[in-house]
Structure formats: C-alpha cells, structure tokens
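What follows is a pair of complexes built around subunit A, which joins subunit B in one and subunit C in the other.
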Partner chain A sequence: MINIEIDGLKIEAQDGAMLIEAADEVGISIPRFCYHKKLSVAANCRMCLVDVEKAAKPLPACATPVTEGMKVFTQSQKAISAQKGVMEFLLINHPLDCPICDQGGECDLQDLAVGYGGGETRYSENKRVVKNKNIGSLIATDMTRCIHCTRCVRFGEEIAGVRELGAIGRGEHMEIGTYVASTISSELSGNMIDLCPVGALTSKPFRYSARNWEMQRHPSIAGHDCVGSNIDLDVRDNNIMRVVPRENEEINETWISDRDRFSYEGLNSKDRLTAPMIKQSGEWQRVSWDTALAFALNGVKELVGRHGAEHLGTLVSPSATLEEMYLLQKLVRGLGSSNIDHRVRQLDFSDQNRAPAFPYLGQSIESLGQSDAVLLVGANITKDQPILGHRVRQAALFGAKVMCVNSVDYKVNMPLAEKLITDVAGMEAALAGILKALLNMNKIAAPSGIDQLLHSVSISATHEKMAANLSKASHGSVLLGLSAASHPAYSTLYALAECIAELSGAKLGSLSLGANSAGAWLSGAVPHRTADSASSNQTSAGLNAIQMFTAPRKGYFLFGIEPEFDSVDPVVTTQSLKDAEFVVAFSSYASTVLSDVANVFLPISPYTETSGTFVNVEGRWQSFKGVVSPQEDTRPAWKILRVLGNLFELKGFDYMSSIEVRDELKKCLGDIKLSNKRAWLCPELSGNISEQIVEIPIYGADAITRRAVSLSITPDATGHTIVMN
Partner chain B sequence: MANEICFRTLNHKEPWALSTYQSLGGYEQWKRILKKKTPPQEIINELKESALRGRGGAGFPTGLKWSFMPRNVEGQKYIVCNSDEGEPGTFKDRDILRYNPHALIEGMAIAGYTIGANVGYNYIRGEFREPYTRFENALKEARAAGLLGKNILGSGVDFELHSQLGAGAYICGEETALLESLEGKKGQPRFKPPFPASYGLYGKPTTINNTETLASVPMILEKGGKWFHELGKPNNGGTKLFSVSGHVQKPGNYEVGMGTPFSELLKLAGGVREGRRLKAVIPGGSSTPILPADVMMDVTMDYDALSKAGSMLGAGSVIVMDDSTCMVKALARIAHFYFEESCGQCTPCREGTGWLSRVIHRIEHGEGKSTDLDMLVDVSKRIEGRTICALGDAAAMPVVSFIKHFRDEFQYHIDHKRCMVSA
Partner chain C sequence: MAESKLHLLSDESKGEIDTWIAKYPKDQKKSAVMAALTIVQDANGGWLTQELMDMVAEYLAMEPISVYEVATFYSMYELKPVGRHKICVCTNISCMLCGSDAVVSHLKDKLGIGFGGITTDGKISLKEVECLGACGGAPMLQIGDQYYENLTPEKIDSILDNLK
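Let's look at the complex of A and B:
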C-alpha cells in the first residue's frame, strides 16, 4: 500500500496503481475520455491532467503511477486550466449539434463540457468533417464526432482480438476506420458502442428511437447462452428499447456479446404470438384463455385416456426459465409421463445416468480466465459463448496454451498453441491419442480398461505436445463444447476428456446449450431425473429428445421449441409432430412449422416479460423480474402452468409467485454439489461414425435470437466465417 | 580547430571509405576495448568527463543516459541510433552518414558494448537515399573486416548492426515513435514513463542516441574526455556540428567548438547576403524560439548561453533570416509544418496545431482579427507541456517567440491586411 494525498484527502492506494484508479477508489472524480479500466492506458485525450506537487507540468492521472507521499490536486488552478484547455481543443472540431446526435443525453463529452467547456467558442475556422463508414448492421458511425480516444481501437486489439478498427492517417487527418475488411465481425463488437464516449459509434438498431432520459433501466439476465451475463434493459412505453451490459466482475465484467445485446429485436417480431389460439378443422382461431386451456385440457385428457400417459412427449427449450421447466416437468410427471427433455441437440444419451447434476464448467468463470492451459473439445467458444471465449483469450494473452480438437476449423481470435482438426469420426481418435501420449509421458497407471482401449491408437507429435502442455500446466482446463455434446459418440468423448483432465490434473468442464441447460437438469427437465433426485436416477427413465421421435408419440407438449430448428433431425421431428393427434405449443412465436403441427397455441412471455431464474454454467442461480408487461394476451408461462396444473387437478400447483416455485425447487434440491467427479468407467471407442454434426448457427440458438434482424445479416450469421472441414 | 570530430575524414579522398577512416586511427578504440575488455564503467566515466550532451536536441548528458541501462540484468538489450533528422534546418546527421559513416558504426559498437547490447539499429530518414546507401556500404565493409558480427576479432564479443529506412514522418524522430516504427507499427510516441532504458525496442532495455552523439564517441575515447570537454565550454563539452541555413552566403555544416560566438559562426558561413542586414535567427532548429539579431550577435553557441538568452541550442540548426523576411510568413510556414507532422494521438497537439496554423495563415493573408494574437499565445500555452511528446512544445514555442519579438509585424498584417516588410 502506498500513501498519497488527493485534494487534501489522505488515502492508501494499491502499489502500482495509477492515480486515476486511486481517485476512483475513493470517489474523487477526475474527468477522462480515453481511460477505461479494462483497456490499456493510452493517455492520449489529456482530459485527466492533474496537478502533482513537485511536477513542473500537469500529469495525466490515468498514466501516472502513485508514489509514496505524492500530493495531488485535481481542483487547483493548474489542474483546472489544463482540463479546460483540453476541453476547448476537443470541442473546436466537434459538431455542437447535440440535439440531433443519438448520443445526446448520455455523452461523456456533453457531460464534461458542462463542467469544463467555455460559454462560447473562440474557434472561427472551418470545422473538420469526416466521412462516415459503413461497418455493418450493428454499429452506426458518425465519424465527425470522433474524439480519437482510441478506445474502440484498443478494444479490438485487446478484447475482441480482431483488429478491425484502426487509426489511419496522422494529425488532424487521423481517422478511425476499418482497414482490412469493411464490416466488423467480432461477436463482441457492440461493446464499442458503450466504450465510445461520444456519438461516433452508436447502436444501429437503436438509433434515433429513444433518448436515454425517456427510458427506465431495469436489471436482468441475458437469456441466450450459458454464461448468464448481467444486463440492463432500457424500457420506454412498455417496450425494450435496447440492452446494455450491467457490470459483474465475476461473470461478464463490463462486456456482453452481440447476441445478448441485439437479440431484443426479436421480441417484437411480426410473428410474435400474442393471444391464445386453437386449431379446428385446420383453421386457427383466436380464443379466450379459458377456451384455449379447456381445449388443451380436453385434448390431453382424451389422448392420455386413449393411449396412456407414456404417449405424451414433452420437449422444452434449454433457454426456458428454471421455474417454467420445474412446473412443466411437474405437470407432465403428474400426468404420468417422464418423456421430457431439453437436450434437443444431443444424439448420444448412453451415459446419462452417470452424468453430473448438471453440465458444469468445473470452475468459476473467473477461474477459467486464470487457466494456463486450455483444451477445447468440439467447442466454438469464441462464437458460442463469447464471454467465456474472452476469458480464455485473456488467459492465452497471459501465456496460457490454448489448444483445440474440433471437427470444424473455427475461426478463433486468440493464439492457439496446438490445433487438431479432424472429421467427426476422428474426434475419438484425436482424444484417445492425447490420452495415450499423456500416459506414455507420465508413466502413470492407466485407469482400468484404458490400456486395452488405447491399444491400437496411434500418437502424433500434436497429441504429444497437447499432452505435454496439459501436464505442465498448474491450472489446466478441458472443456467440452456444443459440438462435442452433439457428437454421435458424446459419451465416449466425455469419458476420454474426463480421463485426460484427471491424468493431467486439469479441470473438466462442459459448455451447454441455451441459457439454462443447467437449470433444466436441476429442475428435472430430463427423462431420467427429477428435482428430488437431481443426481440420482429414476428407476424407469422416460424417453429422451431423440427417442420421442424415433418412437413417435401420439401427443406432445412443445415449450419454446421450434421443431425445424430445435432438433437434430428436423424432418423426422416435424413429421412425428404432424402425425401426432394432439400438440400443445407453449410459444412466444407462431412460426409456419409450428402452426402446421400444433393444435393449440398458448402464448408465453419471453424472459423480458416474466420473472424467472437462469442457472448458468457455473451453477450460479440468477433470478430476474419481468421488466415490461406481457404483450397483449401473452402470459408468464409459470402462471399458465400453474393454472393447467390445477385444471388437471394435480396437487401442489398453488403458487403465489415464481419465487415460491424457485424456492420449492431449491428446497427439493438441497445442497447441490458443484462437481464433475464421478466413478470411473471405461468407455468404448465406437469406431466408424457416419453422421455429420449439424452446427448450430451462432445466431440461431433460440427463438428470440433467430428473429433479430440486425444480427441475421452479420458476417457470423451469414456464415462467411466458418469453414467446414 | 574545425572539423575534427565527426568530420575528421572530410578533407581526405573518399572520406567515407574504411581505409580512410582507419588511416586516421579509426576502429582503434573498438579494437582496444575488445582486446582489453575495458570495463563499461570506465567508458561511461570518460563520457561523463567529456560533458558530451545529446545532439538530437534535448542535450541530455550521454554518459548519464548510458548509466541508466540496467546492468546486471540478463536478456536482450538494444542500441538504437536516431538518424531520422527531420527538424527543418537540420542536415548534419546526413553528412555524417555520407562522409564519415564508420565513426558512427564504431560509436554504436562501443555503445552496444558499454550498455550490454549485441544488436543495434540505425533508423535513417526515409528521404536519405544516398546517405543510406553510403551507410549500408560502410556496414558491408565493417562486416567484411570482421569489425561487426559474431566473436569480433576473436574477442568473444558479438555485435550486429542493421539500418532501417524511415517512411517520411517527422514524428518518427521522437525516440519512442521511432521504436514503434522500428517494430513495424504506426509511428506514434509512447507515453513515458516507462523510458526506453527500461522498456524500449520490443519492450527491452534500449538506449537511443543521435547520430552525431554516437559518432563523437570514438574520438572522445581516443583523446580523452578532458580533451573533448575543453574543446567546448564547461558543461558544454566538445565541438558541435552547426547546420547553417537561410540568408547566408555559404550555407552548410560547420563543426566548431561549443561556445563559439554566433558572430564567428556567421562569419564562417560568409555572413548575410550582400546589402542585407541580419534580422533574426532560429538557433537550434525550427522548434526552438527565434531570437532577434541584436540578441544573437551577443550570444555564444552552447546549451547554457542560448538557454539564458531565451532559446535553445536544439540540434544546432541555425536558420538565419535577413531583413527581407516576413515574420508572419516564416511563422506560417513553421506552423504548417507542425500541423502536418503531428501524429494526432493527443488532443492538444492534434487540435491545437491545426488551429494555430489556420489562424496564422489567415493573418498572413490579411484576414487577421485584433483578438488573434493574444489568442494564439493563449492557445500555444494550452498545448505546451500538456502533450505526450515534445512535438506539442515544438509547435507552440515558435508561435510564442515570434509574437513576442515581432508582434508589431503581426499587428501590421492585421491592421493593414498586408506585409510590413514588402511595404
């Protein structure tokens, strides 16, 4: 600790801290533009100049390290005149037309100009005009407003890992622009909108739609990947106007992915389902809730009467809330069916009985960022879980050896120490090779059965290097991604990865689909476990997401599911649904396929219109409130399920709030062990696999995102960046 | 007592050739050091005694600078020579490269040995094609003679030296922008601290010196620090290359002792043109404050005297102006230069240099306003001392000094919308 004095206040500052950090710590505000705590120090705006005792010139607080006994004055004549001087320079070439600027009202330059700007300008020369750039569908540019703080440039280099924006030209001719491609492709690009202190980079979808003082800000949790980024929803007139990050150091720091930021566009999509509907003689008609629920009740009752409850199949979106999943499984199990699943992309369920309580990252997100070796297995972490990708990338920049074994050569934004790209069938052999190299290297006793399993496996130099990197690591991480989970031999890949992690002392982790796969497991939205026994299996398991369609059911509940997307085999799935006698669709959207297969539509609120909970990949429960009222006749699904439970005359459906639902589940679960440890069982190599894995489009993971128009035309969505092997 | 150090070879046939240099005792110091394994501290002491100060403009004592390099630290270190020479009025380093490249090579090798760097780079101004070729040829000669490379003359000491041509940016003469440029990045100054001695080229400890500074080193070691010191004045050791340009009869480089009266230097350069009177002089390159003739005629050419007189020795680039010069036009030209050459990263310089340049241009063209002069001075003060590198100061100082000494001429332009000189 270092003792310094700022404006007469004696404070202790961290060794090595910059003055601005020390001042921020105690709430002394020093004006700034270029400084950002998550970016490197550029010290170029000069707005933070302060008066330091014994220094001849004013010093930039963002780049001046604290030293023992330092005395700083942020309000002295010298400091103020330096700051005012800089403000004048910033304003001479800046348009003074805040009323027509989209940043107006939330502009750092505007705010600080109130405190440090002059009443009138002394500048009578022509002002600079800079041509705007079209950098894609997400970010609007107004480059004349740029103050050259280079935050966006540093963000690209340091956080996004793609140098897309750069400062071109020198002096007054310096311009921020793209130099290689003309479109920004980073999956984190929207953060540049937040970083830009002025109106040079603004949100294209949001542009000119609201002023910040017209909106109310509500905290929420992003519902599009297993990270659970903390967000704020800005609301005006009961509409989500935009989404911005809410800082949480442990999860998303100050960032969010573009998917989390721009998906809200899908909330008001044209095919949004806003009233209950029933289909009679092939005709859809809008009905009251009573009618719709009675229709559903009768339909299901008749079906169960005719065929038995085992002829009911239930598919739930992995992005539904914990409460929804819990009530839904309670409902269908109450009716006598255990055919419920959320694993809509999985092919291999063979070791589901041995699975941990939920697909767990194996450590906290913060801890993942401290890895010194990471093996990614079937994982497109950069695009599928951008915030986790960012953590791994930070680790890589600090020297971690990041390696991947993938069946697609994904574009990554970090240095890869080793890379193994194989076809789908080769995934097993690749992991087996690493495992064998590991055994050879460390001369450790192999777990039972492994020697024989690996007998005919051959080792390459890459296998050896990967094994060595993991062995040497003091904090290794082995992560199975979405494409591993969709692999025809997932259970084998899992066991091999598990063994590699175990033998190298690394942490094993899973990355899971949607916002709430963890919640789905915990709440019993799986055919073989219930909330009362979340880590032990039921004696008679129901049908999983594949079996429900290979052995078609007579009736289905679809919850937040779009069969043409949320399925590994859309043709089979859709056909089974068409052939079924009765299909109840809980949905926020009425897509063509769904309209085709369903008999009744129950319009449910998306996560912005209902309270609920998502459990993220770390096992962190994050509850949120609905921030806008449900559109028209839409209702929060937990309420619909409560009513249905009662209509079916099932016990225990008298909840007053979603919190009660959550707390009941929590009580049921007791202490959940955060662990991926399980007893060892040697897998089998399945040999020749002919299936291909259908990659999940980055912006196709859930119904809301699929409808976000601006995302759908980014390079990531149009697929120009992915090369199939 | 002229042309003894950096221009030692000048009056000989093929002054740039290795043989010429060696015939005058060249590379003897390098060889002696290699053979005797002279302790670095001894070399540094000699330099300190010589009172050699950096010839790139800032005048920082060279011995002291070398002593800042972390000693007992393992790992790569670099010696870098700054031959970017972009300041208007300066053309001395060019002639060292052309006429005495081996003095620089020997100086750099000795510097590398002293600070523990086995690799050196000479960053040469982009427009210096001919000097670049000369230097490259000299490098070839030195390598062929076994004076550079691995295990030099069996001493076990390695030293590799490379040259790199710039691409036409004045800012790359600023030492940290130079390092960025050498690394292949956009030439923009770094914020200091950290200084190059701890975080330099590729993040490694690095010493950067000017061409003339480094080329002076072999002679200092040959004849002793005391000898060198006494060529000049106390605290202002040695001789200095003065690039005299402007309204003189014989513009050119003159290597004379520090502390030579300006009047003598002017005489060496043939005096002002026929029938003209001296009006003003910029003594150290376009960034240093201008001084009126009467002040200059009383001043000696050294760091201390010029600083006392209100200007700076800078790189010793003497721009002489006679009474035909319009001060407004001269300043407009200078202001335009800094406006064009600002790297643009920091606010006061990026925005302020354009502002200054435009207002001065306006005044020159008869569109000045009565408030302009005070405003120019005020704007300059808002740039000075508040930027990342000294280019901001370089842009501000001429404005302040021109208006200070020649305010009446500026006022005349504003009031009469034309020039006082041609009137």
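Let's look at the complex of A and C:
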C-alpha cells in the first residue's frame, strides 16, 4: 500500500493504482470523460487534470500512478483553471443542442459544464459539423456532439472483441466512425450508449421518447438468458421506456447484452394478449376472468374425467419465474399428471434420473473468468450467453486457452487455442478423442467401461493438444452449451465431458436455456422430480417434452410457450396440439399458431409486470418486483395459478404473495447442493445419428425477444441455421 | 468474413513488406503497417484504395479499421488518385514567414489547379502540408523523395520544367 494525500485527506492506495482510482475509492470526485474503470487508460480528454505537489504542470489523474508521499490537490486554483481550460476547448466545437439531445439530463458533458464551463464562449468561428453514421438499428449517432474520448473505440476492442469503430482522420478533422459504412455487429454493442459521455451515441429505439428526469428507475433481473444480469427498468406512465445495466461485479459487471437491453420493445407488441379469451365454435371471444377460468376448469375437468389425468401434458417456458413453475407443477400434479417439462429444446433425456439438482455452471461467474483453459462443447457462448462469453473472452486475453468442439463454426470474438468443427454425428467421436488423448497422456486409470468404449476411437493432434491444455491448466472449465443440450446424444456428450473434466481436474458446467432452467429443475417443472425431492426421482416419471407430443395427449397446458418456436419439432408439436381436445394457453401474446391450437387464453404478465424469482446458472436466487402494473386485464401468473388451484379444490393454494410461494419452495428444497458430481456410469457411443440440430437464433430465444423489432433487424438476427448430418 | 484480398499483393511488394516485417518481433507484424502502406501506395500509382488497405490489414492480421486509422491520420497517404508528381508545399509557420503564400499562388496560377487538384494531363497534383522539418531552407516543397528549398518563382518554374 502507498500513502498519499488528496485534498488534505490522508489515504492508502493500492500499489500501481492511478490517482483517479485512489480518489474514487474514497469518494473524491475528479471530473472525467475518457476514463472508465473497465477500459484501458487513454488520457486523451485531459478533463481529469489535477495539481500534484512538486509537479510543474497539472497531471492527468487517470494516467498518473500513485507514489509514496504524493500530495494531490483537486480543487486548487491550478487544478480548477486547468479543468476549466480543457472544458473550454471541448466546448469550442460541441453544439449547443442540449434541448433536442437525448442525453440531456444525464450527460457528463452537460453536468461538468455546469461546474467548469464558462458562461459564454470566446469563439466566434463556426463550429465543425460531422456527418452522422448509420451503424445499425440499435445505436443512433450524432457525431457532431462527439468529444473524441474514444471510449466506444476502446470498448469495441477490449470488451466486445470486434474492432469496428475507429478514429478516422487527424486533428480537427478527426471523426469516430467505421470508415466504410457498416453495421455494428457486437452482441454487447448497446453498452456503448452508456459509455458515451455525451449524446453522440444514443439508443435508437428509445430516441426522443422520454427524458431522464421523467422516469422512475426500478431494479429488476434480466429474463432472457441463464446469466440473470442485474438491470434497471426506467418507467414513465406505467410503460417500460428503456433498460439499462445495474452494476453487479459478481454477475454482469457494468454491462448487459443487447438482448437484455432492447427486448423491452416486445412488451408492447401489437399481438400482446390483454384480456382472457375463449374459443367457441372456432370464434375467439373476449370474456371476463371468471368466465375464462370457469371455462378452463370445466374443460380440464371434463377431459380428465373422460381420459384420465395422464392425458394432460404441460409445457412451460424455461424463462417463466420460479414461483410460476412451482405453482404450475403443483397444480398439474395435484390433478394427477406428472407430464410437465420445460426442456423444450432437448432430444435426449436418457440420463435425466442421474442429472444434478439443476444445470449448474460448476462455479461462480466470476470464477469462470479466471479459468486458464476452457473447453466449449456445443456452445455458442458469445451469442447465447453474451455476458458469460465476455468472461471467457477476458480469460482468453489473460492467456487462457479457449477451445471449442462444435457442430457449427460459430463466429467468436476471442482467440481460440484449438478448434474442432465436426458434423452433429461427429461430436461424440471428438470428445471421445480428447478423452482418449487425456488417458494416454496422464497414464491414469480410466473409469470403468471407458477403455472398452474408447477402444476403436482414433486420436488426432488437435485432440492431443486440447487434452494437454486441459491437464496443464490449474483452473480448467468444461462447458456444455445449448447446442450440446439439443444434441441427439446429449447424455453421451455430457458423460464424456464429465469424464474429461474429472480426469483433467477441470470444472464441468452447463449453460442452460432461458432465464430460469435452474429454477425449473428445482421447482419440479420436470416430469421425474418434484421440489420435495429435487435431487431424487419419482417412482413413476411423467412424459417429457418430446414424449407428450410423440404420444399425443388429449389436453395441454401451455405456459409461455409458442409451439412454432419453442419446440425441436414444431410440425409434430403443432399437430398434436391441433388434434388435442382442450388446450389452455397461459401467454402474454396471441400468436397465430397459438390462436389456432388453444381453446382458452389466460393472459399472463411478463417479468416486468409480476413479482418473481429467477435462479441463474450459478444457482443464485434473484427475486424482483413488478415495476409496472399488468396491462389491461393481464394478471401475474402466480395469482392466476393460485386461483385455479382453489377452483380445482386443491390443497395449499392460499398464498398471499409470490414471496410466500418462493419461501415454501425454499423450505421444501432445504440446502441445495451446488455440485455437478454424480456417480459414474459409462455412456455408450450411439454412432449413427441423422437428426438435425435447430440452432436458436440469438434474438429468437423467447416470446418477448422475438417481438423486439430493433433486434430483429440486426445482423445477428438472420433466422435459423439448420445443421444436417 | 469478406473474401480474401491477398491476390492484389504483387510478389515484389510482398517481398518488400516482408523485409519490414522481419525488423519487428514476430508477434508484432502490425508494426510494419506504415511501411506496408507506403509500398502498396507506390505500387498503385501513389494512392490507396479501400481494397488495398483491406489487403494490408489481412496480410498483417489487423482489423481493417486500424489500417484505415493509420492511412487517414498521416498526410503522406493518399486516398484519392494523384498526379504522377505530387507537389507538397509547406505552409507552416517558418515557410509562411519566408513567403510560402507567394509560392502557393505562383504554383496555383502556373498549374491552374488548387490544393487537392490534379492537372488535366494527370501529370501533377498539388497538396498543402504541415512542417517537413526543413525550416532552414524555407520556403520549401517536396516532390517524391526530393526537397526543394529557398524557393523563388524562377526556381519553381525550372523545377516544373524539369518534371517529366
């Protein structure tokens, strides 16, 4: 530690820290534009000039390391006049268009100009004008306002990993741009809007729609991937106007993905379902809640009476809240059916009885970023879980060997040490090769059955390098992604990855679908387990997400599901639903297909309008409140399920709040073991696989995101990729 | 990924660039970007196209935008066609005090073009530049690798007459 003095305050600073960091630590604010704690130091705005004892000239606090005995004055005559001088230079060319600028009211330049700017300008020359750039559907540009802090440029290079913006030209002619007109393609690009200290980069979807001071800010949790990024929802007149990140160093740091940021557009989509509806002789009618619930009650009762409860199938979105999932499974199990599942993208369920309590990352998100070797198996981590992709990328930049075994050559934004691209059928052999190389290299005894399994597997140089990287690593991570989970031989891939992780001392982890797959497992939204026995299994498991359509049921509950998207085989699923006698759709949207197959619509509130909990991939429970009231006649789903429970005369549906639901579940679960460990069972290689894997487009992951117009026209939103063997 | 532009690189230019790359540590190929741009520009009649910059980026494993930044920053790179002879006239302080205004107006009159222009026969283009470090011989101009100092209208005429 180093002793310094800032404005007479004696403090201890970290060795090697910059002055501005030391000052921030103790809450002394130094004005700045280009400095950002998550980016490299550029020292080009000069706003943070401070007066340092014995230094002839003012020094930039962001680029001056602390030294023993240093005395700093941030408010001295010298410091203030330097800062005022810099501000005057910045304002020479900055337009005075604050009244029509979206940044107005939350602008660093505006705020600091109040403190350091002059009352009037000394310049009579024309201000320079810079042409705006079209960089896509998410970020609006007003480049005349740019003060060349280069935060966006550094963000592109250091965080997003795609260098798209640059400083073109020189001196007074310098402009931030792409040189060749092009769209920003990063999945984290929206963060540039937050980083920009002026109104040069602002949110395109949010443009001209609200002022900073008109909105209330409410904390929430992002509901689109398994990360659970912390967000703030800005609300005006009971409308979500925009989404911005809420800092949480353990999860999303200061970033959020574009999906979490812009998907709010889908909340007010035209096909939003705003009232209960029933279908009678093919015609949809808007009805009261009482009528709709009675209709649903009778329909389900009749069906169960006629065919038995085992003829009821329930599919729930992996992005539903924990409380919704728990109550839904309690309802259908109360009716006598265990046919409930959230694994809408899975094909292979054969090892479900041996699965851990929930798909767990195997470590914390922070710890993942400290890996020194990462093997990605069937994972498009950059696009599917952008925040986790960012963590892995940071590890890669610090020298971690990142490797992938994929059936699609995904574009990644980080250096890959090794890459193995094979067809869907070849995934098993690829992992088996790595495993065999690992065994040969370390001369360790193989778990039972493995020798025989790997007998005819051949090893390539890539397998050997991957095995070597993993065994050399002191903190290895093996991650199974969404496309691995959709693989026809998922259980085999999982077991092989498990064995590779075990033998190389790496941590095994799953990257799960939706915002709350972990919550689905824990709450019993799986056919073979209930919350009472989250890690053991029911004696009579119900039908899984595939079985309930290949062996069609007579009636279905669909919860937040759009059958044409949330299914590995939309044709079979839709047909089974059409043929069913009674389908109850809990949904926030009335899509065409859903209108076609359902008999009753119960309009449920999306996560912004209901309280609830998401459990992220680390097993972290994050509860949130509804920040706007439910649109028209929609209702929080936990309330609907509670009423339905009572109507069906089931016991234990008398909750007063979603917190009671959560706490009941928590009590039920007891201590949840955060572990992916399980007893070893040798897998079998399935060999011939001809199924295809339907890739989930990054902006097609859930019903809300699918309706976010601005996201749907980004380069990333180019529809499905079908991989065929 | 856009298609490869490496076919635009002649063997001769490639050899020249490689000698520059060899001067830097192995993992810092991009240090050769300025030399590479100069070589490619010379081989292309004195100016750089976007394709050529992309090609340099590809050859040095850089992001294209990083190459654009370099090419737009330095005044010796041309992003539009230039004449066979590029006359760079310094108008910075020393030259200005020693009469660069007269040099400039004489050149403009004689050639019938302004800064950034090319004579109709494509022979000469005129460019205003900042200090070239020859203040002792101000006013001065540069053509190709040659500096011409202590300029007078007569001297300029003879310089122009000697250009092929």
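Heads up, the rule we're going with is that the second predicted complex is superposed on the first by the 715 of 725 C-alpha atoms of A that agree within 3 Å, B and C clash if a C-alpha of one lies under 4 Å from a C-alpha of the other, contacts with A are read in each partner's own complex, and residues count from 1 in each chain.
We adopt the following convention: a residue touches a chain if its C-beta (ideal position, glycine included) is under 8 Å from a C-beta of that chain, and two chains touch if they have at least 3 such contacts.
It should be emphasised that the depicted structure is a prediction, and the values quoted were computed from it without experimental measurement.
Per the definitions stated earlier, placing subunit B and subunit C onto a shared subunit A by superposition produces a clash between them. Judged by the number of subunit A residues each one touches, B leads among subunit B and subunit C. Legend: residue contacts after superposition of the two complexes on their common chain; A:Arg170 is shown touching both subunit B and subunit C. Touch criterion met: A:Lys57 reaches subunit B, while subunit C stays clear of it. With both structures placed on the common chain, the touch criterion links A:Ala551 to neither subunit B nor subunit C. In the superposed pair of complexes, A:Thr178 makes contact with subunit C only, with no contact to subunit B. Of the two partner chains placed by superposition, A:Leu681 touches none, neither subunit B nor subunit C. Here subunit C runs into subunit B after the superposition, and of 2-10, 56-64, 128-136 or 146-154 the stretch doing so is 128-136.
Shared interface residues of subunit A, touching subunit B in one complex and subunit C in the other, are 167, 169-170. Of all residues in subunit B, only 169, 171, 186, 191, 193, 339-348, 350-355, 358-359, 362, 369, 371, 375, 382, 385-388 touch subunit A in the complex they form.
Within the complex formed with subunit B, the subunit A residues making contact are 41-47, 49, 56-58, 60, 63, 65, 82, 85-86, 88-90, 92-93, 122-126, 128, 147-148, 150, 167, 169-174. Touching subunit C in their complex are the following residues of subunit A: 163-170, 178-180. The part of subunit C that touches subunit A in the complex is made up of residues 50, 63-66, 68-69, 72-74.
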